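Dropping a structure here in structure tokens format, bear with me for questions.
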Amino acid sequence: MTAAVATALTGGVKGRFLAPALALLFAALLCGIALLISGDSPWLALSTMVGQVTQGTTAVDILNSAAVYYVSGLAVALGFQMKLFNIGVEGQFRLAACVAAIVGGALVLPPVLHTLVIILVAVLVGAAWAGIAAVLRAYRGVSEVISTIMLNAIATGLIAYLIRPDTFGVLQGNNISTQPITPSGRFPGISFGESGTVLGMVFVAAALGFGYWFLLGRTRFGFELRASGESPTAAAAGGVNARRMTLVALLLSGAMAGLVGLPELLGRDFAYTLNAPQGYGFTGIAIALLGRNHPVGVALGSLLWAFLDKAALALDNVGVPREIAVIMQGVSVIAVVIAYEIVRRYELTAQRRRVTGASPAAAPAGAAS
Amino acid sequence: MGITKRFPGVVANSDINLDVATGEVHALCGENGAGKSTLMKILYGMQQPDEGRIEVNGSPVRFRSPSEAIRAGIGMVHQHFMLADNLTVAENVLLGAESLHGIGARARKKIAELAGTTGLRVDPETELAQLGVADRQRVEILKVLYRGARVVILDEPTAVLVPQEVDELFATVRGMRADGYTFLFISHKLDEVRAIADTITVIRRGRSVGTADPKAVTSRRLAEMMVGSELPTPETREATVTDRAVLRVEGLTLLAADGARRVLDGIDLTVHAGEVLGIAGVEGNGQTELVETIMGMRGAQTGRVHLGEQDLSTAGTLARREAGIGYVPEDRTRHGLLPSQPLWANRILGHQSRPPVARGALLDLPATRTDTERIVRDFDVRTPGVEVAAAALSGGNQQKLVVGRELSGSPLLLIASHPTRGVDVGAQALIWEEIRKARHDGLAVLLVSADLDELIGLSDSIKVMLRGRLVADADPATVTPEQLGAAMTGAAA
Amino acid sequence: MTALSESVEVPAAPPRRRMPGWARGALAAAAAVAVLVVTSELTGEHQLTSSGTIQSAVRLLMPILLAGLGGLWAERAGVINLGLEGMMIMGTWGAAFCGLHWGLWAAILGGAVFGALGGLLHALATVTFGVNHIVSGVAITLLGAGLTKYLSTLIFEPVSRNPRQSPQLPGVDTYSVQPLGDWLGAVEDARLPVLADLAGLLRGVLTGFTPLVLLGFALVPLSYWILWRTRFGLRLRSCGENPYAAESLGVSVYAHKYAAVVISGALAGLGGAALVLNPGQLGYLENQTGGRGYIGLAAMIFGNWRPAGLLAGSALFGYVDGLQLRAGGAAVHALLYGASLLAVAVAVWWLYRRHWLAAGLAAAAGAVAYAVYYLSDTVPREFATYAPQLVTLVVLAVAAQRLRPPAADGLEYRRGSGD
Amino acid sequence: AKDTGGGGGSGSSAAGCQRNPAPAGPAAVAEPPEVPPDLNASNLKVGLSYDVGGRGDASFNDAAAAGLDRAKSRLGVTDIKELTAAVGESEDASATRLRQLVDGGYSPVIAVGFKYEPAVVKVAPAAPNTKFGLVDSTAEGVPNVTPLLFAEEQGSFLVGVAAALKTKTCHVGFVGGVETPLIQKFEAGFKQGAKAVAPNIKIDTKYISPAGDLSGFNDPAKGGEAAKGQLDSGADVIYAAAGASGSGAFRAIKAASTPQSPKWGIGVDSDQYQDKNLADVRDIILTSMLKRVDVAVYSYIGAVATNRLDNLPKVFDLKVDGVGYATSGGNVDDIKPQLDAYKSQIIGGAITVSPKP
């Protein structure tokens, strides 16, 4: 990228979107070349994928998936804001969904309340599982990256134990499931008939995004969180308690992670089964990176990701390897991340230049040269 | 020779000339930010001059990297130590010079040999982390010697040393000078300079303003050369001191992280409303720790801190700030600012729980912006707006922003650590003026500074700190920088 | 001026005397062997010390060890490498591809080269562009997984008829130290108390290894030697400790960081190759790494950023995993007994050192471990499977504060911006 | 020195393996569901959606593919579309895949694997004119879905019998991939079969990963270690129901097998003796438990073509040749009479095999 382009990009909001857009274009270009090399038509791939959006329930599926990814991305981004790398969203969300399904299936409560209790349980379980990493980090100095990776594996074991038919599971044919949640505990969606049903919790996800934005940008807590992430030393001098922030940030991230599994649990599956989806936590990491931890960026990132996921299914129909979508995802993340870094640097230099231009104090020094 | 070095927005060196004779100790004096370190880095090949040339023994050279300078016999001990804590002494010394004596037994023997010259008495296999400041400095010198340098640049080597250590260092330097080594010696401490140097070059605002003979020149004359004639005097004549105690510190004691040493040792002090209490001391004698302990960033083992009637001994940093303490930290980039955040976000730091930037748990961004603009206006922060990142401002303007922020919200007490370090004359005068104004309005100020003129000019009373204790009081009306300097080094018993 | 109070003497902290590293390592190994032998004898769970278990442990630890070595090299130069998993995946693909075409040694080389390509990308992002190391690592793992999927659809599927795996690779021979191995086998089979356990442990190490295992083990001392005993290694480590100091002494920090991260990738790729070339493997298989790259990183942290420690960490992982795979919950259960023995030993040591609190905690931990052992007779399968992760977490929780990462690990470095 | 193979299995060689005699009874013959030989189904458009692994997994997806291929060659079906699931995908991806087949006008649509159940339940009611075949699961209350279920435990019983007849140490092993109810059916049948022959036989059981962690189907290294552990403790016949991890088990068995003390592996789902990817270890594959997904798929397509879905068995069991054991390699030729005796007993209902361990 040339300096001229970059400077043109750095002007405020426009730059904030143009840089990642260029990076995505670059990623798409690279994938196009890969397709050409393997003898497939990039144009066919693209038009098939775009065309797929209007097919069947794909549009709704994209929206539903994006909502799930969004919550996961926000959970990761919340930690990232404080330079905490919660790799454990995966384990947190799965354990939370499992326990919430068990509790939800066991309880009989009036509508709304039933749903709220399930949500609360999920939030608490997610926070508690993240809390182990938080405590280890805050009091024992264990890197949260390593501890959450270990906790992910342990969560898998715990879940397997919890849904054994002799604990809380129910055998259903060849599947094991928790006791299904009765309708009173479900979260209704909006049906579009043939085109599918938008999960009710999509709106909760959107609200979460707003809450995230408000929390980080408009509250004292958010400020302290970002300050600790940017400069722990300056934050300490400014009266921010680093240990407390670490604990709270990871707990909040875990609480948010606890919600990741709920849209599908409460709106579609109603029980936690052996087929319960996995991998949303890892996707969340990628999406937080794509969206630069910004609620709007993360939203765009999750939509893009969901589009690539769902629309790629159509590639099978035209004989293009659908793995190209995965490559696209990988390359985008790395290209966007690098683009952000380049823009950040140019931005600072440009600002410095503007500062010097604006300050007459620099003039005598400049004149001396 | 005619060295010029420009950084974006600042000319660090402008047409500087410097002649150093073989076998002399050549001192370089100048204010903070005058460009001394930059010049030395150019000589050492770490930075490239924009103009000018360097000659060694009459032939022009051009160092593109430190290794080329090393080859030409030039070595440098940096102002901030360039050592790796987790490596051993031997590894620190060997690094980059492995080709000389390998990295095995032969090298170790050589190091042991040279260690004597520098007065280093530890096993080369010791991990560096276990060494004290003086020994670290010896390791730095050892590094230079090991490379066979004949010209040694010492950038502010004494700033962190206690007087005995300074004496030992000077003995080493003199011994080596006798062996034919040449030294470039940088220091702010003029009496030291006069004690060790054979020639002195003074640098002001990036230019060399002349040389002096240390035997003939007085410290006062040197200081005048350094700051030029437009020397602003930080004088505070009319007394505004009241008898209302604002800050009372009693018996404050702080142990070092390893628990073995007392970094602060029974500190008692009181600052009254309208009073500026200056703390003088050579760096590393506990001033930083004192300030950070009063701010609640370090937990004292014993002692009490009162602000007015409030007992803050166990309060956290934010509580102390809320109680009315403003804090200008000594290192603004590490402790004062969020570099990549806009100015208005920096306005919030430390005030996040108080108006005008916050209402309850919520931030009030419009009010924050307005108030930041007020600071920019009142404190003459040179910036196109409050949206630029703090890192884009020059040091002086960053400092004005920090001082402006800390004086906001009418604090009862301002703790100012080196408030004008590395700041230009104009900004310096402005900061002094603002402190004076606030003091007039009843602010209590605890001032820590290495700039003795600032300390004497601004303070109503001065305490001298040495090895974690307040060892002496001085009256700024009568004390001279020389007397103060003597007390700081413990030489004025 | 007032008079000055007398100056305060500052007593220098007495230098702490420590055992040399090799002695501590030997002691720790001896203690581990002793605990295993005693536990095996007292619980009758002889799988704890059988040669088969040790061989399993060796096979299982090798990919982890190699990935960990990769992490070690990068982090010693100050670059955190969370992309190990991705580089390992690329290594599995590269090893399978080259192995199919050119044989065993090409497979090893191919794994290393493909891993190194991932490392190169990581270096480009982190060193040249200053991208956060963890961010880049995550991105590379994503990319590695996607790329290999795509490539195997493209290249392996036409032959293997399955997009998720490569065709069958040529088999790998195993080797043993003979006739020592047979003698030890005789002793082990005779089941003499203690002697049989010792023979089993020793025999497990000396028999049934592949050339790559030898290479992997050789890389541990080799890494130590290069990193701590050569000029290149010294410079490389200095970049991880204080790059600005290194720069001021004429070390090319960028070059060393690049070298370190590329080597790191190559080692992770070798880890992938070790997985592919394990006897009993078909070749490349999608998702076959199963998080071993991350575990390698954990083993490295466990090992305090040192080769021998890393070896211990991955051995622990491989051992517990091998044990639970071979002998299931009962054997892992017996390990609890061993853990309580160990805790008691530690408690006694702390008592001797007069650290009452530490001794108390260790004793309590021992009591808990013993109580659990006594009150149950197996560990649920679900937990036995993840015993290695649990053990790692517990050990980190206990020991993390004594760990010392390289001082500049994970920090951005820009030439000329230090002071 | 280079190892020459074998030599493992230092365990006890309990000579005293008391074996019950094979039951006697009327010989019952399996009758696969009939597909008219001259049937022409070229007007059918068949869509098939595989589980993770897809065509070429040398296991049950491949079996489904074989059924499809047979329909192609025998019934003249030409318009075929195959799609494959991705690892860890969510339910809506499966639904979209099925919907693509529906929208493409395919009928029948065959979904391979119980993971498709929720997706089928969702898609099928909206496409009443499309016929769905669902392998390994039922979709209750949806009339256009035909469950294609198998009695894995019956087939596993027979290979359990084979194992008990072949073991010299009276000690056999079971290596499962992931501890799901489906795999537990294999375990249950195997154990009952082995015990039926030798009541005091020792049976080791190991699952590589617990339910929910699918890595156990995909880790040959761990499969190998698990098998090695059982071999070392004395087992000499191992039944590996572990997906791709099974290949690791077979290679461990092969490495331990010597002419003096042969060790055997038992394959699963398809005839693994014929598996190209296992060619190097086929000589230790005693037999395989056949889960005739091919039979089910083929019969189902035939039934759709003749519109006689009610003719399909409720469960593909021994009686209809829906499960069975493989004979390739001839390693069970000597015990075939006993195996067939047990088979008749099961078909005849004299022995019932429980699907629960």
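Labels A, B, C and D are assigned to the chains in the order they are written; within every chain, residues are numbered from 1.
Quick note on the criterion: contacts are C-beta pairs under 8 Å (C-beta built on N, C-alpha and C of every residue); 3 or more make two chains touch, one makes a residue touch a chain.
On a predicted model such as this, the values are computed, not experimentally measured, just so you know.
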| item | value |
| --- | --- |
| Mutual neighbours - chains that touch chain A and chain C alike | B, D |
| Contact-graph separation of chain B and chain C, given in steps at minimum | 1 |
| Label of the chain whose CA centroid is most distant from the centroid of chain D | B |
| Pair of chains joined by more contacts [C-beta pairs], C-D or A-D | C-D |
| Computed distance of Cα centres, chain D from chain A, in Å | 39 |
| Between chain D and chain B, distance of the C-alpha-averaged centres to the nearest whole Å | 77 |
| Chain centre separation in whole Å, for chain D relative to chain C (CA means) | 38 |
| Approximate Å spacing (C-alpha centroids) for the pair chain A, chain B | 44 |
| In chain A, residues with contacts to at least two other chains | 156-157, 160-161, 164 |
| Chain D, residues touching no fewer than two other chains | 84, 179, 210, 213 |
| Residues within chain B bordering two or more other chains | none |
| Chains that touch, pairwise | A-B, A-C, A-D, B-C, C-D |
| List of chain A residues in touch with chain B within their complex | 217-224, 226-227, 230-231, 233-241, 344, 347-349, 351-362, 365-366, 368-369 |
| Residue ranges of chain C touching chain D (in the complex, touch as defined) | 47, 50, 52-53, 55-56, 59-60, 157, 160-165, 167-168, 171, 173-178, 185, 188-189, 207-208, 275, 278-282, 285-288, 290, 321-322, 325-328, 381-382, 385 |
| Chain C contact footprint on chain B (complex, rising order) | 37, 44, 46-47, 65-68, 70, 76, 78-87, 91-92, 94-99, 103, 126, 130, 132, 143, 258, 260-262, 265, 464, 466-469, 471-474, 479, 483, 487, 490, 492-493 |
| Chain D to chain A touching residues, read off their complex | 83-84, 86, 88-93, 95-97, 99-100, 103-104, 114-115, 117-118, 126, 136-138, 179-182, 185, 210-213 |
| Residues on chain A engaged by chain D in the complex (per definition of touch) | 55-58, 61, 64-65, 68, 156-157, 159-161, 163-165, 171, 173-176, 194, 196, 264, 268-269, 274-279, 309-310, 313-314, 316-317, 322 |
